């Protein structure tokens, strides 16, 4: 199929289960909420080398936050065991310490819940307080009082939704990917965890040519500069640059919506020449997102 | 002493040794370099709960980078053993994967050097290349070729330079701290690792009231909302909000310069009423930065 | 009445009729659309000295723009005669010249329409083209082809919706006003035309003390630093700083919604102590927005 | 000649005299200074349809501003008669009304001076005050007191320094131009007045094909999409997109430096294929900036 004149590969993205928790960070202004959210979701691109995968889901207007202040929603994704630990650490180190912030459970209806004991930081000076119907702790700190929830929900979501943006030159592929990342930022329930929402270097599990153990190496099949040296290359003729959008979401529907919005945005960028997606031939992940069925 | 009419406490900030490495990240534009730098220095506020302390030192103009592209300099601070590991992980996960980036050793003259083997990611498709007199590796990736140095310097620097900005209301203290953080961003050789460069919640080692082991709890002596309940409070009368600027630097001179610049900026903000600093009475850290001697 | 514990003055804002046109600017990314929109709405704070009043209404998602690209909506407000001239000039100088932009009529259903002859810029190299059901002109330019509509709608809207944010110190009043401006940015059909959405210096018509003609001078009744010298001061006791939010909108309902959203946001900022509004005792403007009836 | 492998046309940019004034805007933080500066330099791309040409010269650190606060420097360019009027209007409407700002003369040593009577806005509540050795007026306003200088210098500078960035696709040309604009932002004494610092649509004086009077039409010689229809086209074969950087500066040296910095940045962007410049064969402007002599 084609979209805006750009061929869409007849393939699918292969996704995996991952546990996802949503934290709503509010602040005195949107900017201060975003400052904390950015720090809290840093160093969280890929579970291969980072403690988790995390990203900014979007702004939450003051009407929709428990304390009526402007907010930013973040998703933190990892194994079931690691999510509580990472939510704890990232709130404790990056949000409690940030100016004017509060945190709230962004998944109050999730069946799976966990508790982070941040109030111990109060050293018994803390107290319980209700905010917008939520049970919170009020902890005296230097700026005044920190207020936040401690019970959070998590759901079994999807990691690894993805697509590739290709072009015959790097700047076009980059702008296509950037337009896609912007569009995905508007889709609720999803994040792109890499810097700027874009992946410049895809990887394969292990190595083909190095014999010692190594968790991941470059996915040479998608490397345009060595296209001639890789017999089973998947780089289409003429393509000189590829960026990948990797999407985590709270469920399959959200990931599909994000993939569709991202691809629609990318094909609007003049010069984007091909859209494809990455999979393991269906052998590894239970979710298959066929590109042709997204639209 | 007073500065712009604001009393400066007759005290000192107490600093500690820490190992510091500088990584120069370049990109096709300043914005793309900053995108990678922001991700790479996230989740790195405090060594208590984060893998390292890291932050953005500043922009590096194209004239000063090895590849002649616009750059952002970051500092990564940790123990001597942990610095190489963290430089490796943060480059591998957050910069190699980011769009259009290269990395260069920001401390070529440091005696202490270490080597990160990122080129193994190339799975033997990589090759050596010289850029601006630097030995780099060129690794084929999806966007094209990633190019970066792998030998980095590190120096024994200073952690914990600090000062407090106080006011009789929270917004004034916040704006004073923000003005200080902006000013410190201009001082070479230093970073402020917390979100927005500001700390809202200072901590003490361990707990006073909880009996189980806990690494850090709120520093109640500097908590304005419980001033009346804390006999040895250090909150001056009338102060309702305090923010701390915590500064790491490559040496004592840089930290002093950053403290001076930050304090000068803070006292310009109308309503800022007192500047102090945190220490352990000189018992823990070898560096003492007396506020009165900064100017 | 009180809102979040902050007294809301028993008064009203007085508004005036103004003609309003909406221009949708799209770009290859949201950022490039915003770059053009910012230039196009600059030097447009107040009709007293600027050619018009203009501001950014908000983002428009790709789903809602005629060309399926990300957009920014701006409102341009002036007299019925001046609106077409200003829409023409600001598109011709600031948007046609900006990178990757298109413009579309943001009020296709308005009865009042006008035509701007930008296609003459094409010097007969231009041609007609339809985009998303809109009749556009395609003009060859250096970057490629500029595409845009030339017929725009305008409606009789409202200028001068307003409220005051007061506090006993400047930084608190400023942050209260900033939070309000952020909230108003989310309300469709409205803009705040001043820098950052905030007015620091209110004015009265003419002068009291200077005898020569002068269009506007400081509104001394609302100046905290001369409160003691102005017998009919309207500065409440203890108030040391006031910022005004001035809102233009497409109709009364939009202005009311923006006032309500802004005030609700402002009273959430700790230390904001009073909310009022400006009027001419109902003598000049046909619209009266009573604060108490907004909520 | 070539630069980084990109051919640099053997031609020159033709510049014109223009009067230039520099205004230093300071604020409580850098961000608030920038907010005012952005509004004050809006709707000021080209003297053809805007009241002046204006832009942001750069940040001024607190050490270098008269009031010791962070600043942003702007340049306002027009005829000798219009500069004072535009400096007056843009300060009065966009800076005096903006939060926390002060303004200072950025050309204290210029021989040519002018006086703007903003203090009349004070309606005789104003008073004189000295700040950092500068004679200022203090005017009571709603936020507190506005403080600013009223005597400004202006110099006979240069308008129309320029170069073209070309590529075989639009996104590459755009990123090349963006990298150039970023680089020019670092060169003191210069501005790029168009949105984002980039011109997408160059113009020629008058029209060739329309017979009625029209001040400017598209410069068809530099339009890639009609290359085949324009016998005297100057679009090199294969070029599909061109952006222009137009630079105004305080003197010839500054413009040269900006052109050199911009071109060096542009040729670093992969895919940029040609750099040229615009002139009127030396018939109109007294300044000629030969590209080959810039480096």
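In this document, chain identifiers A, B, C and D correspond to the written order of the chains, with residue numbering beginning at 1 in each.
By definition in this document, a residue touches a chain if its C-beta (ideal position, glycine included) is under 8 Å from a C-beta of that chain, and two chains touch if they have at least 3 such contacts.
All values derive from a computational prediction rather than experimental measurement.
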item: Contacts common to chain A and chain B (chain labels); value: C, D
item: Angle of the C-alpha superposing rotation, chain A to chain D, to the nearest 5 degrees; value: 180
item: Selected pair, greater C-beta contact count between C-D and B-D; value: C-D
item: Longest centre-to-centre distance from chain A, chain (CA-based); value: D
item: Inter-centroid spacing, chain D versus chain A (mean Cα positions, whole Å); value: 39
item: Inter-chain centre distance, chain B versus chain D - centres from mean C-alpha coordinates, in Å; value: 35
item: Chain centre separation in whole Å, for chain D relative to chain C (CA means); value: 25
item: Where chain A touches two or more other chains at once, by residue number; value: 28, 144, 170-171, 174-175, 269-270
item: Chain contact graph, described as a line, ring, star, complete graph or other shape; value: complete
item: Interfacial residue positions of chain B with respect to chain A in the complex; value: 28, 32, 35-36, 38-46, 48-51, 89-90, 92-101, 120-125, 139-146, 164, 170-171, 173-174, 177-178, 194-196, 198-203, 207-210, 214, 216-220, 222-226, 229, 240-244
item: Residues of chain D defined as touching chain A within the complex; value: 167-172, 174-176, 269-271
item: Chain D residues touching chain B - in the complex, by the definition given at the top; value: 4, 28-31, 61-62, 67-70, 144, 175, 178-179, 182-183, 186, 261, 264-265, 268-270
